[in-house]
Structures are given as C-alpha cells and as structure tokens.
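Quick heads-up: structures coming right below.
What follows is subunit A paired twice: with subunit B in the first complex and subunit C in the second.
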Partner chain A sequence: MSYDTVVVGAGLAGLTAALRLSERRRRVLVVARGVGATHLAPATVEVLGYLGDNRVLSPAASLPALSNGHPYGHVSVDQVTTALAWFCAHTASLGYAGSLDENMLLPTPIGVPKPSAFAPRSMAGGDVRNGGRFVFVGLRGFKDFHPMLIADNLRHARLPQPIETRALELEPPASRMGDLSGRVIAGRFDTQNLADWLVGALDGRTDADERIGLPAVLGLRSGDAIWQDLEKRLQRRVFEVATLPPSLPGIRLYQALANALRVSGAHIVLGVRAVGTRAVGGRIEAVEVANATGTVTYPVTSVVLASGGFASGGLELDSFGTTRETVFDLPLIGLAETDRVRFAPHYFDAQPLATAGVATDDLLRPVDGSGNPVYENLHAAGAILGGATPWKEKSGTGISVVTGYAAAEAILAPAARPVPEAVG
Partner chain B sequence: MATQNPSLSSLEAEVLVIGGGSTGVGVARDAALRGFSTILVERRDLADGTTGRFHGLLHSGGRYAVKDPSAARECIAENRILRVTAADCVEDTGGLFVSTPWDDPEYGDQFLQGCKATGVPAEEIPVGEALRREPRVNPDIRRAFLVPDAALDPWKLVWGCARSAEQHGARILPYHRVLDLDMDGERVVGAHVRSERSGEEFRIHATVVINAAGAWAGQIAELARCKVNVRAGMGLMIAMNHRLVHMCVNRCKRPADGDILLPLRTACVIGTTDVFVPDPDQTEIRQEDIDLLLDEGEKLVPGFRQARALHAWAGVRPLFEDTAKVAETRDVTRSHALLDHSSREGIAGFLTITGGKTTTFRLMAEAAVDAACEQLGGPRACRTAEVPLAGSGSHRLYQIGHRLAAREPAPQAEEIICECELITRSRLEDTIKERDTTSLDDLRRLLRLAMGPCQGGFCMYRAAGILHQGGHVDQAGANQTLLDFLEERWKGVHPILHGDQLRQARLDDWIFQGILDVEHLPA
Partner chain C sequence: MNSLIRDSLDHCVKCTICETFCPVSQATPLFPGPKYVGPQAERYRGAGASVDHSVDYCSGCGICTQVCPQDVKIAEINSRARAKMWERRGVPLRNQLIARPTVIGRLGTPVAPLANWALHNRTIRGVVQSVVGIHRDAPMPSFAGKTFQRRSRNHHGPQSAPAVVYFHGCGTNYYEPLVGEMTVAVLEHNGFRVIVPPQDCCGLPLQSNGNFPAARTYVRRLVDHLAPHARAGLPIVANSTSCGLMLKREAHEILGIEDDDLKVVSESMYDLCEFLLHLHDRGELRTDFGSLPMTVPYHAPCQQRGHGIGKPALDLLALVPELQMIELDADCCGIAGTYGLKKEKYDISMTVGKRLFDDITATGSDLAACDSETCRWQITHGTGVKSVHPIELLYRAYGLDRPTRAAPLGTAATVSG
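Entry: the complex of A and B
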C-alpha cells in the first residue's frame, strides 16, 4: 500500500487535514501514538474567546487583530469561514451550530460561560447569551460534574442578559458500578434505555421555560439521537454540558471523523510513532514509522505534522531545559532566551513555553530562522504551531480545524495560493 | 463567629504548647498522657512547617554513626519505639547505604565501626544482593550495607499524635496564631491568640508555656523578651513519580547534599540540601539546587533525570546556636536544645524546645515535659514510649497496599475522588466534617489528596464540587480554595517541570484553563 500523504497525529488537526485530502482522492495514512486531544476537549470549536483579558464577542471581527506570528496570521477570515463551514458539513451527524460572527457562551463544568463559536447541537442549547432559566441536573455517583457549583457560579457570572439557575441531583438506577465514569453512563444510555429513566425522573420537576443541562454523557454510539429523543419527550430545551475528561462529545467527534476517513479510503494506524524522514534536497521522500516490531518506511509526496504540543508529545522539554520537536527535530519559536527554561512563579502568569512551537510560512510549512521552509512538502497544523496561547485565548480547537484544513488545501493546490509577500 | 472581646473569652490549661509540628504535637500528647490539661496552638495547619516538608526518613542512626554518635544512639532508640507506637506511620522499607563510584569505599569501614559503637544494626551485603533488592540502583556500586531505616509519613504522625492527645483531653487548635505572650512580672502566664479562620481573639492562661515553634522559636521567645538563636537551614526535596527504590537508599559517605532517596507511599523522595535562610517563611527554590538533586539522583539511580519529577519543596531545619553561653543544667544533647528560660533569662513558666529532627521528636517532647513537670508540682512518668498513637493501636506497620486492600473486597463500592491516592468520596466527606476544614490544601495534607502523578488535575474539581455541594462553602469559597490550591501547587510544580511531567501539567492546564476556564470564575 502506498500513500500520497502521511499525517502525523490523530487529533482534530490531523483528522481534519486527512479527511480533506482523502475526500479529494489523495491516498492518506494517519499515524499516531494514540488518539489525540479530541478525547479530552469538549468538542466545541473555540475559534477565539479572549484577547488579553477581554472576552471576544465576534471571532470574525477580532481575528484580524492577531499578529502574523499567530497561527491564524497565516489564514484570512474567508479561509477560516470556509474551513469551519467544511468542518460543520463533514460532521453533520453531530449537527454543529454556531457562527463566526458571535461567540456562544457555553457553561463549563464549573459554571464559567465560555466563548465558543461552534458546538454540537446537543450542547448548543446551553448558550446563556440570551439569559433565561436553566436547571442543571447531576447524576449521583458521577464525580466529574457538579451541577450546584455550575448553577451558583453561572448566577454570579458576567452575562449580557439576566439568568436564573438551579440544580437538581438524580439517583440513577442501581448499577454494579459504584464509581461511574462518563463512558459507563454513556454506555447505559446506549444500551439500557437510561433515557426512559431520565424522562420519568424529571417528570414534573422542571418548568416549561426551563432549559435542562445534563452532563455530556448521553450515549456514545447514539448520543445525538438520544439528545433529540430527550428534547422531544421532555418537551424542554435539553443540552449537554462538558465534563472532566474523557469527553464523550469529543469521542463522538473523533468517531465521526474517523468513520468519514475510513469511508473515504484513508487509513488510521494508532500505537505507532513517526520517527524520522528520508529527505533529498529539502524534500521529504519518505517517512519512517516505528511500530512494535520495527520501522516501516512510507514513500510520500507530502507530510502533515499534527503531533500536538507538549500535552500530546509533539514537543518535549528535557530536564536540562532543552525543548525539541519530537518527530522531525524542527526549529522552534517561543523558547526562553536564557539557557534554561524558567516558568513564571504564578500559575496564571504568562508562561514562557505557552507559545512554543514551529513557525510556518503561509502554506503552513515549518520554517527555519531565516523564514525558509525546512522541507518544501512538510506542513504543520494544530497545537504544534507556535505563537498561540490556546488555553488562555480559547482558540485551540479552532486553530486545529482551520490549520488542518489549510494544510490540506496547501497540499491540494499549492500553485493556486498567492505567494506570500513577507513572513512575519 | 463574630470577633469577641478578648476579655470575654479565655481558655485555661496547665500546659500551653506553641507549634503544631512533630515536636509540638509530641509535647501536647506527652503532657496529656501525663494527665496535664493541655492546649496546643499552631498558626497554620498542623505539620505545615518543617515536619510536613521533611524527606520522610525514619533514621536508623546510620547517617549519624560516624559524624554524630549521640544523635545516632537517639535515632536507633526512637526508631525502635516508633515502629511500635507509631506503626501506622511507619513503612518498614529497610535502609541501604551504598558506595557509588563517587564515594570512598573505605568510608564503609568507618561506617560499620560507627554503627557498631552506637548500637545501630548494620550489615554489609554483597553488591549483587543489593542490586537484586534494588534493581534500579547504580550497578557500579562497590559496597552495600543494610540498616533499619524506614519511611515515616509525617502527616499521619502529626495527626496520630494530635488525635491521641485529644483522646487524653488535650485541645489542638490549628490556625490559631499567637499574637503575644501574657506576662505577669517575670513569668509567662499564657498567650493572646487569634483564630485565623474566624478572626476571634482570646487568651489562654497556662501554668507553663512550651515554645515548640521550631525554626520560628526565636520569634515566639522574643514575645517573652527571651533570646533563642535558631537559624533556618533550608533543605530541598523532590518527589519523583513511582517508587524508584524500595528501600531508603543512602550514599555511604559523610552526610552531604542529595544523598538520600527513599520510597514514600506511592512516590519516592530525594533530599536534600542545606542553605541558611534569614527568614524561615521565605524559602525560594533555586534552579542550581534542583539540578544538584537531579545530578545526585542520577548517581544513585541512572536515568533519574528521565523519571517524572512530581513536586519540589523546601523545608527549614531549626538549627539551634547557643550564644547565651549559659551553662545548661539539663541533659541537652547535641541534636536538640531544651531551654529553661527561668535559668537563662529569669523568665519563669516558659520553656523552649527546638533543634532536633523528626525521628527524635518523641524524645524531645519527653525532655520538655520532664522539665515542665518541675513547674507543675513534681515528676510524672512519661508514657509516650509505650502508648500507641491514635491509628496505631493494632501495631500493624503501614504497607503501601493498605488503601488498595481496603478497597479490594468491594472495588466498585463508591466513587474514587483521587485515583492516584485511592481516596474515596466518603473518606473525603468524613475528613471534611471531622477536620472542619474547607481548604483543599488542608485536605491534601490530611489525605494525600492531589499528591499523586496528576497533582490534583482531576480530584481538585471534584473535591471543590463536594465541598460546595455539602454546604461547607458557597460558590465563592469553592472557587477561592480551588484557585488557592492551584497557586500553591504551582509553587512546587514549576521548578521541576520537564519531560513527561510537563505533559501531565499541560493536561492539567487543559482541564483547569481549557475545560473549566477557572481563570474566569466569578468572585
């Protein structure tokens, strides 16, 4: 089996790039050490939530404010719009709702309204922008969701419209599992009609104008259908709220993208590690992938590096203070200028390694210190890109989708893209 | 509670102990066991000072056998006592002294002689046998010696003492700061105290006040116009993920920096350094000390720098320097100092016990209460060498699998709030009630909550939610203790962040900043 493109990394960026390439008839192999951050993140698409201390109302209006050094600096707002429209269309089973023009405000599991541009429709009903009445419902025995804290914190949150909140806790039917994980509960929704119990347990306990917030555990295989069924039977707006990891909406998203990839003929291999390249004249000819028994060399015409940042192992800092990109040993930006990385003394301070990563040209090709591509056919996407502070600015999933898509576009039609005038 | 007029509120005791480290709770327990009415005050949480920040080694005495024979004798005697009376706090890991290629193998002969002279059981074993027991230890060691070192859980020890003292009528008051000592002429008659939680101020009248404030003893003594010169010797420790060693492994050489690596519960700890600091409350972790410990760790266990460093912290040893040049009449050993201020400065009713080490805390307490007896109407026999601590009644030594064993009969009985340290929801809820605390940092010390590999990434949200749900705090209180915890944790995490632990920390950032967005919590 031969491939046109090897994508390193099976997170949101890698899957997006792979699917875009695959649907355009490129033969794609995704290799990864394991599943990516989809399984942690809530599956909402945060394009841009904060600029400094200020909550962003409209990502479309605020994106141009980001400098050239930011991953978004390599794409136009039109490209962002195209990429996200493509993403929503290709995850139709999850029914992404939202817009680039105005962020939704979706409650986090501790009750902070988080600016998100898009969310699966099962979560979008939690948007508190327009105020209203909300009841958050917890499941006794499920430790990763605390409805009282959500309700109380939301009531104290800075919101454009008044909000009324309260919390309920329900006792799910007995299970031999006393330590319920989100996956276990989701499994019971899938197979044991937990929705029937939920409808009964909520009967008469909510008002018609109340929206019902549930932990995002409403099934894995058929989460969206269960959510639709609940809305119909409860005759209320129902929405899922993110939980601590693992993230069921995130796993659903992974499965939606992975299924689409399989249908389109791409291959995903997990449990392996891209360990190097064979390059000739600034061009990668082949990627070396280590598996349990040895190393396989895949000839390629292009490569997408979507291996993630420190959290996913795309970047590494050793005990002597040296940071490196783990697959191709690419040049990095955002490193401390001293010989030794020192983190800032306060947790919420700007941290020195927060923006570390690879710098790219406008075709998202990693560049060296002079701004020249390291390899003419290597593109990078997602959290490996330097210059962003995804957690602070709430931009991680947006960057992954947009740059994953843009990296694929650069591979598909490199000539059609304007030659960048300057690289920031 | 509203702030009350101090004159309206007061407590009375025969013995008032200032300081809630091992020495202080040891004194309180000793006094209570002898039948004295006893109150202990501590400005922060128990074991928040030196005791909770030491490496956790219950010395066999081997470390001091050459350099300080009297300390070695004390250590082995106390080691034997604590294995019985504080069994639940002691894991019988055993100790191993090894001569690495950086150590003079002939020191081993001095070491054996010193151990023999001081009664510390020590036995040389073949290097192959040592490596069989400790496969990760540097294969190039040249000699190896077994000693009865053990691992000591400082929080269990301090709380075991405190509860034991309470069972015998003592009142233990953490988060109570001494604002002033009350004097009646040349006699200390009590203390003016403020609750740091409620703000309430009140007086405690006492016949004898025992200053067990350790590195802070000088500050307390000053309140009675007494001079106690305690220098603070800062020592750095790093907890590493997993037990890289099974025994307490020491370098066989004169005691120096970074030469102890011991297993402690699910982690292991390397220590330590020794730097004088002017203020015991100002302990800055320096990069060069981190590097020193990592380099020394590498000598003991090759690959140490690739292992996950979980947390770094600094403790301060109280090092007593007697500049008063007053001849002591009491049997003061070189390792700790008992100061009777009536003979030193003419201030009656006031004793200071400082210096020493956690291993010998019981002995220090005994000496202090013996001295107090003289001001309380004559000698009463000390019972702390026989009576077990609360929780140690079965004399069953702690084993690493205890929590798991308790869970195993019904593994799915209830929620596990902290998977790293196997803490169940009911255990957490009981502790919140029993300790009457709403501080996640207090709960950490009591339960080892958040002390495992993820450093609270998962359990802190859960615990904050449980505190709030139980009505112990409002949302602002839950938010504040969570944010306080994150800030406090970061102090110990950021100096050693690298490798896989940086990945872990980034996952935690993902949770706290990405998923929860705690940075934008309402006040």
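Entry: the complex of A and C
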C-alpha cells in the first residue's frame, strides 16, 4: 500500500499529526510498537503549568517567555491557539472545556492541584481555583483511587481561594468480577446501570453546595453521557478525578482519535517497529518497518517521528552512558557531558537528561549540530523533542497536541506557512 | 529464543496498557489479566511447579503483545507457561483431541453426512459435553466430505504461468474447500499457476493447548512439504491468518524451533490478502472487478493483526465498485481457535465476542467478512449472520462465479451450534 506519510508512534502527538494529515486527504500509515501514553495520562491538556517554580495563570501570556530551544519556541501563540481549537473540535465526544487564557487547577490522583488549560468537560468541574466545598467519593475495593488522600492533600495545597474538602467511601454492589479495576468498573457503568446505584447511594449524603468528585471510571463507551446524566439526577456539580493508571478518560481520548482516523481512511498498525529509512540526498524515500516476518519498506513523501521520550523508547540510555534516538539515530541535544553523572541524587532535582531529545527548525524538522535539517521531509513531534521538562512545566500533553498539529501543517503547506512570530 | 521471550519481562513497566485491552480478563475473574499472569507471575515460575493455574484461561489472542509499548512478549510468555503447566499435569484428552484438526478431519470426512448429523444433534452434543468437555453450543463447522486436497487433484490450471504455493490449512481442507477453490480461481485469474503441496496441520492448536512436543512434530512435517518450494524462490500464500502467523513467527518464537527450513518458509509466507495487495502495489493485480452493490462489516481477527501488515483485505475490497466495507473496531470474537469450544470457557468466549456480535448486528447486514475461519464460525454462531473470507467477495467481484453458477455468498461453510 502506498502512503504519503508514515507516522511513527501512536501516542497523542502521533495520532494528532496523523488525523490532521488524514482529514486533508493525505494517505497516512501510523506504525507503533504499541499504544502510547494516552492510556496512562488523564486526558487533560496541560499547555504550560509552571515557569520555573511559578505557577502559570495564563499559558497564552506565558508562552512567549519560552526560548527558541523549547518546542514551543518554534510555534506562535496563534498556532498554539489554532492547534488546540482543532483538537477540541476533533474530540467532540469528550467535550473539552477550557481556555488558553487561564489554567484550571484540577486535582490529581494524590490531590495536587494541577494547572491544565483544557479538560474533558466531565473533569472540568474539579477546578479548585475559586474555592468552595468538595466531596470526593471513592468505591471500596477500587485500589486506584483514594478519596481521603485527595481531600487531605487538597486542604493543604497552595490555592487562591479557601477550599473545604471531605471524603466518602461507598460500597459498590457485589460483582462476580474479583479484582475491581477501573476498566471493569467502567464496563459496569456502560452496561449495568451502575449510575442508578450511585444516585441511590449518594442520596442525602451531600449538601446542595458541594461538588462531587468521582473516580474517572464513569464508563468507557458512554462516559460523557453517564456524567451528564449523573449531574442531572444528583442535582450537584459532578466531576471525574483522574485515577492511577490506566486512565479511562485517556482511553476515551485514544478511541476518539483512533476512530476518527479509521473513518478518515488512515491505517494504524500496532506491534511493529520502524527500524530505519532509505534516504537519498537528505530526503527519506521509504521507511522500513519490522513486522512478524521481516522488514516491509513503505515508500513515503514525508515522515513524522512521534516515538516519545525515554519512557516510550523513543530515546534510549544504554549501560555505557550513551543516549540515542532509537528509530533514525538522529542527533540529540540536552545530553549530559560524558564526565558528569547522569542522574542527580534526588528524584525531583534537575536531572541532567531531563531535556534530552531532538532539536528542530521551525518546520519541526530534526536538525544537526549546525542547525540544518537531517532530512528535508522528516518532522518530529511530542516527547521526542528536546528542550522541555514536561513533568515539571506541566507541558507534555500540550506539546504533543501542538507539535503534532504543527508537524502536519508543515507537511501540508510548507511554502505557504507564515514565518512564526518570535515567541522568545 | 526461550530466554529472549522470558527476558522481555524485564521491560515491563507495569503500565497496565495490556490490562485495558485484554478481552478475557474483562469477561471473567478467572483470568486476572495479562500483566499479572504474564510478566509478573513469570518471575515466580522457576523450575518448580507453579501454584497458579489461571494462565490456562488466557485465550492466546495476542492483543496484549500487540499493544505493549515496551515490547514485552506477554502472550508468548503465557503460551510457554501454559505448556509448562500442562507438561506437568498431562494434557487432558479433550485438549489432545480438539488440537488435532487433521485427525478429526480424517475421521469425519469419510462419514461426513453421519458426522454432520451428530454435530447438529442436541442429544449427542449434550453427551459429548459431559463426557469429552466440548460445549454443546460451541460452533462446529460441517465436514465437506470431499477435501480440498482431493478436489485440487482434479483441477488443471495454467501450466506455464509464474507459480505460487498455496498453504490452505485444515479449515479449508476439511470444512471450507470452496474457499480454497475461490483462492485458486482468484490467483489463476491473476495469471498464477497454483501449486497445492500435500500438507498437514501447522501445529497451532497443539501449541495453544500446551502440547509443544506434538506441535513441533506437526510444524516439521509441514515445513518439509513447503521448504523445497520456498527454497526455489516461490511465494507461499495462506488464507488462514492464524496458521500463516504460526509459520511466519510463532513456531520460531513460541515453540523455539531453530531451523533453516522453517526460516525460509517463514520468509516466503504471505497472508492471502497481503499477497494480493503487494500485487496491486506493483500494478500487477487485475482490477476488472464488477460491481458488488452491498455493505459488509469487516472484522480483522486478532491473529491477522498479529501479522503487522495493516488490513490489506480492506484495501483490496476498496477496489470493488459499489462495495462498502464497514471496518469494525471490536478486538476479539472470543473463540481464539479452540478456546471457546471448551465447556468451561464457552461462556467466556461468548461474553468476549458480545461487543463484536452487537456491532455486526447493528449494521443490519446479513453478511460479514473476516479472514480467519474459526472467527467466521464464531461470528455466525453469535449473530446468525453469514460470514465470508474476503477472497469470496473478490471472487464474486471478478465474476468468477458465473461460469459455474456457484452457490450464493456465504455458503462456503455451514456452522452448527
């Protein structure tokens, strides 16, 4: 099968790039070793949560502070806005709420308020910025959600307005399924009307001005509809709170994007591995993909590398201290000097390899040490990009969506693309 | 290879992605999930006997390995652990029986009418369930009577054309010889001479039922028949996606067969639709398709996805005028070869398949397409909808049915149960 573009990686960045290309009638093949971090992350879009130790109130206002070495340094605020509007429009089944102008503060599974620009509307009610009264409701036996921990930690969090929290635990109706996983509970919401039980179990146990935080397991196929139904029937503001992995909202997001890709005619092949290229004169002519039998060569006109960072295997640190990009062996930035230790003594210290990744030009093409594109038709997106510290900045999902979209745009209209305004 | 599969468990970061995809652990508490049973429990499986027998409830669909972003060979670890367990406990008679399709085929074929009557007889099936342990409702195909091997002996195709070797598998031979004839017709229509070597079971059912030594014997015997052709540089095509995958990868990866003959067969092996799509990519596939004004839901079986070749059936069928294919996204039909035949697993397999059955029923179509024969039988069993290999649609679109006025679509197999 001939494709215009091969996208390496099926995480948020790869799926975004693939869908943007596919809806513009490019023939797209997504190849990936497996599913990406969508299944683990809470599906909220963190564009920029922290600059240094300072919490960012408005990503739109703070993005220009990032230098050209940062992935956001290659895109203008307008492009970020366009990319996120496109993303929200293409994930309508999750109904993303939010804005680039102000971050929400949404509770994490351990009760830390996390700055997020956009969130599925079923989660957006958990915004604690304006204070108020919150009750977090757990399900006994579900080990990936701890309402008391969330309530306690939020009470001690640094918040702009006072907050009142408490925890409740309910005993879900007996199930023949032994272990209560989020996936199993979501299945029961989808097929067994667990919402009816929940409404009954919460009857008279909350005040009218309390918001009810539930673990984000309110169904997989019909999560948004079940959340709407619960809000109506409980007559309270109800919201889903991210759980420990797996993430049901993340799976909903993956399925929304994968379904959209399927409908648009793109192909996703999982369990295979992009292993190299055939290149002529600085241009990739074909991508080599290892599958069950051997290596298949797909001729292409462009390639998007969205293979992720260390966690996803896009980057690799071997036991001799060498860091490499695993698909195309691209030049990397952010590497520790060879005579220095590769890990800081404390986990949350500034880690020497935290910003490792590929450097790109403004078309998101990986560049060599002199700033020239390694291949004229290779673009990179997501966590493989160097120069960011996503876990600390709270920028990972935002970078994935924005650069995935921007890489697709660079492929669609390289000539017509306006020169980005200097962001930094 | 043994150690490569086992060593892959060190790559597991406990991310739970496999758990969210596993169709079996969502259907039954008896299987605690691929992460627990695979990379986690494997650490405790030393030389001694494992106290945990839940690995027997893994259906072997392989979805866990496909979605694992860290390359952990979860399904393969489970398959080997299952074999180890049965090696110690002794593979039960039922599993020995249903894992030998050639034996069943040879017994049933000469007495096909009688055997088919028995397969459809509720009382007999009830007795078989109690005595043997095959669920009385499980889908069983009907014996065709005359095998594909026998039919192909009387077939005289073109002699001078480039040759392709056809690995038809047991399902085609004993139950669906018409699928074999359609495959041959489509290949000949595209200018090939089709060689049908004598062939036996690929050993996959024995592998899934934990009898590795017997499975290896079958692989070797089959490879002996196929290797000379592969060495002569001929492509081998398989219409059974699971048997094809067995020779492409699993006989080496799971059974641990290190063998030059197997290697050359693996490298020459193509799934039928994969092969035809390659022809199309090279501009060599005939596209004189007539219209098929119909809408057909398509399910890519788990083992088909294990090939890592995309969904070539859909790309091929997109070439047929007026034919609309609906790509289904349910993961598994539940049957997993012989899994859903077992009386203790039948209900699980039907629960697993429910999503697919519902999606097919929702399309309102009276026909479904799927590459794998046991999955087709399960789909028909679960939905009442006839189910065809994609080759049957291509055959029909080429108009190859006209000279012989073949039976209507979907009559290649009759499924009981």
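One rule holds for everything that comes next: the second predicted complex is superposed on the first by the 413 of 424 C-alpha atoms of A that agree within 3 Å, B and C clash if a C-alpha of one lies under 4 Å from a C-alpha of the other, contacts with A are read in each partner's own complex, and residues count from 1 in each chain.
As a convention for this text, a residue touches a chain if its C-beta (ideal position, glycine included) is under 8 Å from a C-beta of that chain, and two chains touch if they have at least 3 such contacts.
For clarity, every value in this text was computed on a predicted model and none was experimentally measured.
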Touching partner for A:348 - first (subunit B), second (subunit C), both, neither: first
Which partner reaches more residues of subunit A (counting touched residues only), subunit B or subunit C: B
Subunit B versus subunit C as contact partner of A:158, first or second or both or neither: first
First, second, both or neither for A:305, with subunit B first and subunit C second: neither
Touching partner for A:7 - first (subunit B), second (subunit C), both, neither: neither
Contacts of A:253 with subunit B and subunit C, given as first, second, both or neither: neither
Partner chain in contact with A:33 - subunit B first, subunit C second, else both or neither: second
Which superposed partner A:267 touches (first subunit B, second subunit C, both, neither): second
Which superposed partner A:42 touches (first subunit B, second subunit C, both, neither): first
Subunit B versus subunit C as contact partner of A:293, first or second or both or neither: second
Contact residues common to both interfaces of subunit A (with subunit B and with subunit C): 40, 176-179, 245, 311-313
Subunit C to subunit A touching residues, read off their complex: 13, 15-17, 19-21, 26, 28-29, 32-33, 65-71, 245, 248-249, 266-267, 269, 277, 281, 305-312, 315, 327, 329
Residue ranges of subunit A touching subunit B (in the complex, touch as defined): 37, 40-42, 55, 108-114, 141, 143-144, 146, 148-149, 152-153, 156-158, 176-180, 242, 244-245, 247, 309-313, 316-321, 340, 342-348, 390-392, 394, 396
Residue ranges of subunit B in contact with subunit A within the complex: 287, 294, 305-306, 309, 410, 412-417, 425, 458, 461-462, 464-466, 468-469, 474-476, 478-479, 486-487, 489-491, 494-495, 497-499, 502-503, 506-507, 509-511, 513-523
Subunit A residues within the subunit C interface of the complex: 1-2, 29, 32-36, 39-40, 176-179, 181, 183-184, 187, 245-246, 251, 255, 258-259, 262, 267, 269-273, 289-294, 296, 308, 311-313
